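Below are structures written as structure tokens.
Heads up, the next two complexes both have subunit A, just with different partners, subunit B and then subunit C.
Entry: the complex of A and B
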């Protein structure tokens, strides 16, 4: 105990000294920024740091201080910070989660000139209650990933954006590949990726049948939408995929999901553009990224990825806005796209990228995003509805009665909407 | 007693203070908060004000009803059958959803049912998933507690010998306890992997291809037993060590005396070892029961409660509701119910294993 007191005193003195020097060094106003990409596998984290540095150097009013979190812990950290009143000035938010945060009072409208965002991909702009709350530096897209040689070997037509596979054409193509016995499964849906992947990747298929997770005209009911005739047709088709051994089910190994297409376990993989570069490296010109099939109501894929917004408690929204406007430049879009493989939000930025420029290996994804992307239901209840939808799809894949599973999901969703007084719509 | 605890023991209290403060902040206070939240409609994040709702959360979880479905009949009163000859019934949802004639069925769903003549009797639950989780949890505890305790005792007896390198065996049996349960769960997921998993390969090799590969975690029949087997393997080393400490408190002179009297191995175990382990046994049974009720990580990593809710358990549901569905009041209610269940069972166990004089 004797030694503790001087040590403590010295520590306190040191802290005071540091605090004093910090306040001298930063005459500018500090803005805090939270980011979800700590420990990301690609260049994303380094690029965000570079973005912050260049912004700090480009003007003298603001200093952005970045703090990064692992993605899995990020949303919980924001929730806890909001309860404690410790939100940062600038928030990084996943597109479909944004309405929840705006409704819960974590965020304020961006207040950015809408003309600035005129030619952006639709999935990169986050709107809630008629206002723009968030904007993304990239979007993501999903495609039927396969090889030209595979399709040609079985005489399957190669679909285009203008003429995608019909539902029937797609199913019979899968049957043909299965009957050849050359693959363990013809189709890999990514059932190993539980969580947001299910609503992100599979609700567009439901929408193509003519159903949806929720009635988007009111956002108050899912009855007749998630359990209507179109949804039941989707559910029966979905269950058939697993009953007929066209796709591996919920117990799929995550490792198989990652390499199954590359090592020939699966013929076609329903996968995102972030997984596209290894496919191009492995198959070269043979790699194909095909649009979603059209089950009658047009082909659809999910839109929206991570975006920037301003927290509700920020004392300097104009500074936060200045930072976000600084980030919205084609050169940043191109840098992030080249570093991470994600889709740049504007066609002019796409032209500057290695992968999305005309003739680039992933160019097709830009077209997919532009033509097929539909954002997930824009409602604060989405985060709950996504979990309920995920549960229903897993149950149906595992053999549950389709109508009962969809009815139960509808009841759960409506109970939740009621418990939240309609989620402010 | 009171005076000695409070007065002449100031240093003791001082040293206990950090621990007591932490337990009070992170265990006792949250417990009371959970009880309070379970009587409200508290959300994780919401601009809506929190309201007192009484015991509505409890009735939403525990509500049950029995309902008899009568078959559909044609105008002549004949029972309608589909092309397979099965009796056709009206859809249950017609009665449970906004039907003013059956207010007590509102929002309930079929849990299970059986045939009774031409009628079909169904048991409806307000929260079928919770009911399944409750049953699964009890099943898990009923299997894991005795098997794990028994296996741990066998292991403890085996390693309680003076053999060369016995410490190596002790370390090997104890190793799974030290490894993070999440890592163990991931590894076992590979072992149970359908098709080419390790378990399927081993069974195939030993049975010369007679045992077909199974989807261990993807089959409603094998998913929970698979998780039980893995949980027992993971936890058995810990309880082995407790048994071992119990074994080593038994005086060697008793064994010598038994040896001189000519007692058999079984008699020695039955009349010396087992009575000597009495207090250890009480401790182990209570600890395993509590740990088994707290089953969570394995479910979260390996199955997520699936397939078809066959591995839903109470703690997983509490977390799923509280955080994923942002329904803190619902999660709290499950926690409170779990507490009451574990408390009741512990009290019963204490009563059954009390010292009888």
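Entry: the complex of A and C
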């Protein structure tokens, strides 16, 4: 009996130790995830939350804790957190911004098996320095949005992916519509939407002329591509659109941008798939989503949307990777697409969606994204170059000398590249 | 002659009222536009911007934008956070800055002229220019709280409050006001044996109503409108203020204008209420100090 107490105590201690060990073995390590879509009007935020919940329930190693930010403030919040050493494990990043964050040391390579991404749309994979840093669960695309009846009324050919409008054909069509006097403007480019819309939506037109924002062979100069003959031809065509009253300029009312096609102010609108469903609802089978015109170097649209990546300071990259791999399933792609109207990254997922399946109202956007999408310049300097390009286009639209405006933009871009020691290329 | 003078007086009065009404309309119209737009569906709201209908409660009116705004963002949390942060900062700021000003005006200490000059010089430095070093400091500052000792102030209420308690403008306002108080009052109190604390509390502050109102309103507006600092230092939704919350209503391209107007109407209410509460003292202070808010 004398020895019973120590024995019991040792037994109890051993049981407690085993219980503690078991509890540690089943404790989930917390991973933080920052997401840009707080307040999303559509189902995106709810779906991201559902994705997190299902991942947490699917395994016993990790618990993802989500923190949502308004998109307007997201990039600044990430920059501030990086400065303060407070980055989360998993980051949500806009495709064209990713190279900057990778170069700045905010992110680390994803370390994901590339074979997993073999049949993904090109815009959904974020690469920098030969490594994959981010993957998107969706992409976006833009199209010339109009009505079949409008084109037929003016005898304008309906272009196809294989046979898009030529530049000349497109311009003639705009002039025909303008001369009818039936619309305030034949074309709505969305000039009221400043910011990333300009490089996203308009640099593909420049690329179709044969120019670009930056020389992608070196990413060290814009000379010759942003102010060469092709770019000047683009600039003159761009300016002509506004001088000839073919499109509203930078003073366009945002309200007109939102409703101008629907209320008959504009005949054709250069707009994204995110704005397509209201057009289908308003015009039904009369709605048309047409490919970008070909100005000589092939029709092009912008690619890449929001993607997931792993922060450079994450202490559990394997956990972050496990979460991202969990998200890369067709069922999630289809759920996001059905919920948000965005384009799923794989054809197999597209087939499971309401809008992008064969015969679906937005099927054409998958084809556009697959055939015409070109990612924006893959360089850390893009975020600066995008603003400079935006300024140059606005200036030209407002009547600035085309050559002077493009030369000035080239100078500004090259100054920035030099100031940043070539951005690591 | 008297009739002519009377006519002139009437004309002047009519002109004055016409100008005042015009100015009032200019100031009221944006608020009216905001409130009316918050009741309209987006399509109607955008179409109405082309006419005076934008300022009138006409068409399809409902509170739907308000319900949708509450669905989109935790508005109550944001408003509560802003009111808490703002009110706390205002209270502490009035106390600390008035004490500092009292010291500059009534106490004799070596170097106060130099320190006051340095303080005035800080007025020309925008807060935004010091936010980065301030952020780095805040991320490394120690704190002893409920969880014991910790390092880093990010993601807290205190990081939104403490850096803004003392500021040059508020101290300057108090200094200007205190300098106009009759010195005899202070001297008499000293002769009667009052301590400096008693003079501050029982003589100076009871006379400082107008400047307290001015300083409170200016600080209130500054704090309530804070955007960049909380954006940088607060990552948790639960402690975000209203201005960062505005971002919930915009993405890159599409803006639900009706909900934006509903949100703006809701977050304007505390500002208007606070201003109306202190309006008389604020105007009295402006009239006496010539300070424009």
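Keep in mind that, in the parts below, the second predicted complex is superposed on the first by the 399 of 425 C-alpha atoms of A that agree within 3 Å, B and C clash if a C-alpha of one lies under 4 Å from a C-alpha of the other, contacts with A are read in each partner's own complex, and residues count from 1 in each chain.
The rule is simple: a residue touches a chain if its C-beta (ideal position, glycine included) is under 8 Å from a C-beta of that chain, and two chains touch if they have at least 3 such contacts.
This structure is a prediction, so every number in the text was calculated from the model and none was measured.
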(request) Overlay done on subunit A, so just call it for subunit B and subunit C: clash or fit. (result) clash
(message) A:383 in the overlay: touching subunit B, subunit C, both, or neither? Say first, second, both or neither.
(response) first
(request) Look at A:103 in the shared chain and tell me whether it touches subunit B only, subunit C only, both, or neither; answer first, second, both or neither. (result) first
(request) Kindly classify A:354 by the partners it touches after superposition: subunit B alone (first), subunit C alone (second), both, or neither? (result) neither
(message) So in the superposed three-chain picture, is A:253 touching just subunit B, just subunit C, both, or none of them (first/second/both/neither)?
(response) both
(message) Contacts for A:194 in the overlay, against subunit B (first) and subunit C (second): which applies, first, second, both or neither?
(response) first
(request) Mind working out whether A:116 is in touch with subunit B, subunit C, both or neither, as first, second, both or neither? (result) neither
(message) Output check: A:175 vs subunit B and subunit C. Expected answer is one of first, second, both, neither. What do you get?
(response) neither
(message) Just to be sure I read the superposition right, which of the two partners does A:416 touch: subunit B = first, subunit C = second, or both, or neither?
(response) first
(message) Among the options 163-171, 199-207, 253-261 or 271-279, identify the stretch of subunit C whose C-alpha atoms clash with subunit B after superposing on A.
(response) 163-171
(request) Would you tell me the residues on subunit A in contact with subunit B in one complex that are also in contact with subunit C in the other? (result) 76, 83, 253, 255
(message) List the residues on subunit A that touch subunit B in their complex, please.
(response) 76, 79, 82-83, 100-101, 103-106, 184, 194, 248-251, 253, 255, 383-384, 387, 394-395, 398-400, 407-408, 411, 415-416, 419-421, 424
(request) Would you mind writing out the residues of subunit C in touch with subunit A in their complex? (result) 42-43, 46-47, 49, 72-73, 132, 135-136, 138-139, 152, 154, 228, 231-233, 235-237, 244-257
(request) Would you tell me which residues of subunit A are touching subunit C in their complex? (result) 34, 37-41, 67-73, 76-77, 80-81, 83-86, 193, 195-197, 253-255, 258-259, 263, 272, 274-275
(message) Under the definition above, what is the set of subunit B residues touching subunit A in their complex?
(response) 41, 43-48, 93, 97, 107, 109, 128, 189-190, 193-195, 215-218, 220, 304, 306-309, 320, 323-327
